[in-house]
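Labels A, B, C, D and E are assigned to the chains in the order they are written; within every chain, residues are numbered from 1.
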Amino acid sequence: MQKLRNHQPGSAPATLAIPSTPQGQKPAISLIEYDAHHLEERKIEEVENLADCLNNDQVSWINITGLGDAEFLKQLGAYLRIHPLALQDMLNTGQRPKLDEFDEQFFVLLHMIYKDKDEELLVEQVSLLLGRNFVLTVQENRGKDVFDPVRRRIREGGGNLRFMKSDYLAYTLIDAVIDNYFPIVDSMVDFMEDLQEKLLDHPTREHLRELHDFRRTISQIRRSIWPQRDILGRLTRDESGLISKRSKPFYRDCHDHTVIILDLVENFREATTNAMDLYLSSISMRTNEVMRVLTIVITIFIPLTFIASIYGMNFDPKASPFNLPELELPYAYPTVLLVMLIIAVSMIVYFRRKKWL
Amino acid sequence: MQKLRNHQPGSAPATLAIPSTPQGQKPAISLIEYDAHHLEERKIEEVENLADCLNNDQVSWINITGLGDAEFLKQLGAYLRIHPLALQDMLNTGQRPKLDEFDEQFFVLLHMIYKDKDEELLVEQVSLLLGRNFVLTVQENRGKDVFDPVRRRIREGGGNLRFMKSDYLAYTLIDAVIDNYFPIVDSMVDFMEDLQEKLLDHPTREHLRELHDFRRTISQIRRSIWPQRDILGRLTRDESGLISKRSKPFYRDCHDHTVIILDLVENFREATTNAMDLYLSSISMRTNEVMRVLTIVITIFIPLTFIASIYGMNFDPKASPFNLPELELPYAYPTVLLVMLIIAVSMIVYFRRKKWL
Amino acid sequence: MQKLRNHQPGSAPATLAIPSTPQGQKPAISLIEYDAHHLEERKIEEVENLADCLNNDQVSWINITGLGDAEFLKQLGAYLRIHPLALQDMLNTGQRPKLDEFDEQFFVLLHMIYKDKDEELLVEQVSLLLGRNFVLTVQENRGKDVFDPVRRRIREGGGNLRFMKSDYLAYTLIDAVIDNYFPIVDSMVDFMEDLQEKLLDHPTREHLRELHDFRRTISQIRRSIWPQRDILGRLTRDESGLISKRSKPFYRDCHDHTVIILDLVENFREATTNAMDLYLSSISMRTNEVMRVLTIVITIFIPLTFIASIYGMNFDPKASPFNLPELELPYAYPTVLLVMLIIAVSMIVYFRRKKWL
Amino acid sequence: MQKLRNHQPGSAPATLAIPSTPQGQKPAISLIEYDAHHLEERKIEEVENLADCLNNDQVSWINITGLGDAEFLKQLGAYLRIHPLALQDMLNTGQRPKLDEFDEQFFVLLHMIYKDKDEELLVEQVSLLLGRNFVLTVQENRGKDVFDPVRRRIREGGGNLRFMKSDYLAYTLIDAVIDNYFPIVDSMVDFMEDLQEKLLDHPTREHLRELHDFRRTISQIRRSIWPQRDILGRLTRDESGLISKRSKPFYRDCHDHTVIILDLVENFREATTNAMDLYLSSISMRTNEVMRVLTIVITIFIPLTFIASIYGMNFDPKASPFNLPELELPYAYPTVLLVMLIIAVSMIVYFRRKKWL
Amino acid sequence: MQKLRNHQPGSAPATLAIPSTPQGQKPAISLIEYDAHHLEERKIEEVENLADCLNNDQVSWINITGLGDAEFLKQLGAYLRIHPLALQDMLNTGQRPKLDEFDEQFFVLLHMIYKDKDEELLVEQVSLLLGRNFVLTVQENRGKDVFDPVRRRIREGGGNLRFMKSDYLAYTLIDAVIDNYFPIVDSMVDFMEDLQEKLLDHPTREHLRELHDFRRTISQIRRSIWPQRDILGRLTRDESGLISKRSKPFYRDCHDHTVIILDLVENFREATTNAMDLYLSSISMRTNEVMRVLTIVITIFIPLTFIASIYGMNFDPKASPFNLPELELPYAYPTVLLVMLIIAVSMIVYFRRKKWL
């Protein structure tokens, strides 16, 4: 499980603290300004550089990568009239996805997931602020730039992205984040099927550990996708006017994607519970089989050994005719062997009847 | 579990990708146009052929079988004013059933289930677009044409299908899809009863596997029928006017069918959980029985063998009168046998009291 | 689990199929017409016989027993303006309880339960159609006529049944169906208490089967009563005016009864889960006890037998003074016996300390 | 579980049947009439005695203890215009708590719980009818008069009870019933903690039974308190005006109490589930420990005994130099003992490594 | 679990009882009065001292630490027009968090949690009354003053606390309480991960106890945070006007914090259930392994010992040629040893095939 923010209890709300992580370096800030006919991209160094971009009809997308510069963010906040709580949430990583509606602005905090080189699942926080004619995005950007395909599409001008407003850009960006869940969830389908097969056939401690790790991954994805579904549901029902009627079907489509992912994740949850049951049942079955083998072996040989040990006693047949007279009978040994055989065979018949053999 | 669509993360929404499956061939397109008095059926090659059919009062049913021709679909979409997201959903298989309401059109995506030759359960996606005076259906059509009975009923003119509008046709088609669940769910009732009986009587690893497979089938059906219930519920409560008041009771009836199926499926779910419990309890009971047999055999024979082994020791009675003087007593052997018998009998009595025997 | 209707997938809705069960014989149709002052009972052969009964202010109760005559029902349907879907539901047995609201008519489908001679639980479908001044009831009537007490009360004129309208008659009939659940659920209380006691004291495979059967009975009752509770809830909140304000408290009372039954059934469900836990725990406990006995016996006797077997070896003391010189020591045997005793006693003390004895 | 009412299926609703229990004797009826300045208490024999008390502004509290006199109740019902269904509910014990709203009257049925001399939990039904200026209470009164403290408070005139209307009196009486749950639930806290401790340390069959009984008690309390919470919630939201705005906070407070009790009871439920898990885990752990001891003892001694039994064979060394030549070697015996020691020690080392010792 | 209030059943509502705990001493009362420009702090001895502070526009924060002086509280209640039920709740510890809305006042009861010196989790009740221009807080103050950081912030005048009204002060105080949950929940993350690792690797009774204690802690935190989430949700949706529109986002932020905590706690709950499963599976696996070792050892050595015991019988070969003639064969001993070896080896091969070795 991920740790929570390292916010000092009792400190003032909306405190901007630069996270003390290595990537807390000077962030890279870029601006893309476009409408159907124009497109301009540039790097931003000073907040003042943004001045003209907000006062025209073009869509402005300000993207900040890295969380290192609280001062810049504060200026930007004042400039774009961002609520201090939204600013704080952008910087504080380790939060739950959420949607806050402020006057004329939506603040959306999302979780992006991806696998690193070691195939380990990482969760990264992405914030998005949607205003009338701009979108501000803030990424931790530890490993992956999720927005690259969007940038490419803006440049190429394909689809209807360039013909629509900032709400559609926001949709495109959110959709890019959500779409990253699909390949990961997809790869889990195979894994799960395999695991269940293995648990049925020969359950080992190793598989138990794999199952356990799988459960934790599921729980992690679920914690990210669940609130994101709610966020998209709320955006779909938005009545503030920030999301235009024309964009609504696209938000609804994105909402459907979160529902599909959540549906699969819930399915995994159920499947892991079943797998745990399988594991336990398989082990119980195995123990039962082992026990049966043990019991059969013992039940056959212990009485035979007992009989042999009787005739291994050293009572002196010479001292009295009652002391083990069998020892000197001519057919005693073959008779004893025969008795033993009969006992063994009837045991085996008995076990066959009981279906233990 | 079914894999998700192979949509590239970050690609534009509403991209029409022809699925790379073998059945992605040139689709067959047919048109049935009817009202109470007329009926016309023909194959459609060009979108322009549809021109006249939409501008009259007759009900037009356009059926597309196979997903291979994205270009045709795009033209058709433009012609019928289908939202690009709906078009995309028609082509992308592996989706969750859903209902999207667009202006003057309902887009319904359903799951049809059927068993193939190997008795394996297959899920096929069927899309349906309901407009004012037409219905468009798109099937993957890998194995089964679910709409054949409907076609026959239109031709024969039985029932009130020919006297009603496109909303009733849509109902008839949806109902045809839902009705396919009944025989499958019905066949599962017997299977489940059998399985439970077998688990109670002699639980084996094989039954565990059957139970496990059954669980997965249930989960699959449930994932299909659950959203379809919601879709029909929403259609029943439709206030857009696309579904006429006269058709509503039929949609409600169809909704009731999904409720019945879901009810049964939930019942199966509960039954499988119970069956798993049964299996575990049965195994535990069996292990306990095996243990009891083992313990009884050992507890009776081990002390007897011990006694015999005592008198099998080679202490020299001649070396000292304290060394196994019993060996030369006249009634030693019968006495020892008697003692052994007493021990065995009292053990048996003890086990009977403990209800182990 | 009960099988579903044998409706052909793809056939037209509202098809009237006579169920191919033995009781599908010519049904018996009776009419009771009454108000506060008059009462008339007669058998009905032709639909026309009903002509006058619907055009007066009296309450008419038409009761059909047996599902064999689809033709008559069709005529009746036309006569009473019954929706074809309602007609179809009357004939198709094996459905879920439901309430359909048509213009000026409520169609209610209920499940009656009773025990047959073999104490097996049977579910029978009872349909009821409530109109402005009539009530139509249709029973399968395989074993029991649930409406007999109502008929008697109408004849005797006790209570306020004769002073009220058709909605009160409908209530009385529904209540008669619901009331049949009470003795059955009541008899289950004792059974459950007994079973739990037995599972705690000596769990056997037989009890496991009883528990399993009990679970299935509960699940069956639950599936019947759950939707009936919802139906009565909806009738209680009816705003169409078909249920008069004066009758509402009675419907509410009947709704309360379904809540009580459901409450008990849910309780049973929980109790069976607990009983299953009890069973498993009891078995585990027992296995543990058996294991302890086994371990104690083995741990005491195996070392002793080992010692005895040492002195049963045939090394020749004469060949060397190191070969089992003990055999010829004068007090060897008593010493060995003493050592064995000490070992046995210390084992027992050890097990007592470990609370195994 | 408590049995349901012994209502005959099919009998008329609102039938007044005197319960055939010993306390069905002539009930005691008392009247307390008060306002801020006056207070009058008397016993009531005839319904007519109530005549004047209902037509003044004072609050009248009519309390009936014992359910024996259906005739009186019927007259009272006519006098106070009580709905027949409410009258019936007062007499029929074994019902679920409920609230029925009639014109100008609330009928509340509650469950009082208390422990009898044998510390067994008893549930008693208490009905309350709140009218404009009177409250009617009906108790079974088998063991405890829950309303005594209220009576005392009315007499002493403390608090604001005397200054308020019948709705406040009703609150006071309901609160008196609810307050009786607190000491019982409180006493269960300690019991549960003890039990969990015991289950962890040495799980026995006795504790399993205690846990089982505890579960049933919880389930019983829950079934009483759950609907009472809903009743109080509905009273708190009352809009009929029967509950004055000034009394509302008190009803809300009482509602909070039911929430607290329910919260604790739900907690107990969870705790018992955990305790069951604990029990099973503890037993499994113990069985594992027993098995380990068994396996260690057997694994050490069985090979040693085998070796000893080898040299106990009676092959004649004289018949051939290959027949047990060891028997006559000079250091054979010490060597064998040494080998045995080495085997035993390496076994112990092996088990230590496996953490079995 | 915490015990409930020691309220006497049947006593009048709103009775002020001084809790009989050691800290029920003379409480310390302090007043902080501030606006953007002024700040005044003083100790309060008499209620009259508060006179002037309520009639100005400044925000007054009255803080009472310790619950010992019911008389003072009663005077204060009269002075500030606090509802008697709110006063009672302030004094009665051991309650559930709640929000009561009175005219112009909100009464909020919260749970503060912290760890004492022994790392044990303690829950302390904090009440807060929000009026138009004042906030009254009452703490038990057994160990920790949670409001100290707030006091400091008022004095330092940082943030916007000094510029806002009493509703913002109330938010700040509530947030201070909620913030105390974060470090505690955070420390549990590591603990849980560790525990799961340990359960997988070597499950012991000690870990079971730790898991059990952890579960109880979770349940305790959950019972505190769950209602607090609801309280903050209701405050966020407040429509009485007591919470200004400007403060709402802050309340919403605080609500988000409770959601995050609850989310984590629910996650812990799931994780503990998984851990319990892990424990049981691990134990089962271990028992199975122990059983396998046991069975292998026994199955190999018991038949060998049996063979040895055969040739340990004392039948006299001289008495008859059928009595153990093997004993005198020249290669008998090596042959027997060879047979034994073959049996042992084939057993081992058999076990390897079965994957038991």
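Just so we're on the same page, a residue touches a chain if its C-beta (ideal position, glycine included) is under 8 Å from a C-beta of that chain, and two chains touch if they have at least 3 such contacts.
All values reported here derive from a predicted model rather than from experimental measurement.
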| item | value |
| --- | --- |
| Those chains which touch chain D and also touch chain B | C |
| Distance between the centres, which are taken as Cα means, of chain B and chain A, whole angstrom | 25 |
| Chain centre separation in whole Å, for chain C relative to chain A (CA means) | 40 |
| Residues of chain C engaged with two or more neighbouring chains | 280, 284, 287, 291, 294, 298, 302, 305, 309, 312-314, 324 |
| Sequence of chains encountered when the ring is traversed from chain D in the direction of chain E | D, E, A, B, C |
| Chain E residues within the chain D interface of the complex | 1-5, 7, 9-14, 83, 85, 95-96, 98, 100, 102, 202-203, 205, 208-209, 212, 215, 219, 223, 276, 279-280, 283-284, 286-287, 290-291, 293-294, 297-298, 301-302, 304-305, 308-309, 311-314, 317, 324, 326-334, 336 |
| Interfacial residue positions of chain C with respect to chain D in the complex | 146, 148-150, 153, 158-159, 161, 172, 175-176, 179-180, 182-183, 185-186, 189, 192-193, 196, 200, 249-250, 252-253, 256, 259-260, 263-264, 267, 270-271, 274, 277-278, 280-282, 284-285, 287-288, 291-292, 294-295, 298-299, 302-303, 305-306, 309-310, 312-316, 319-320, 322-324, 355-356 |
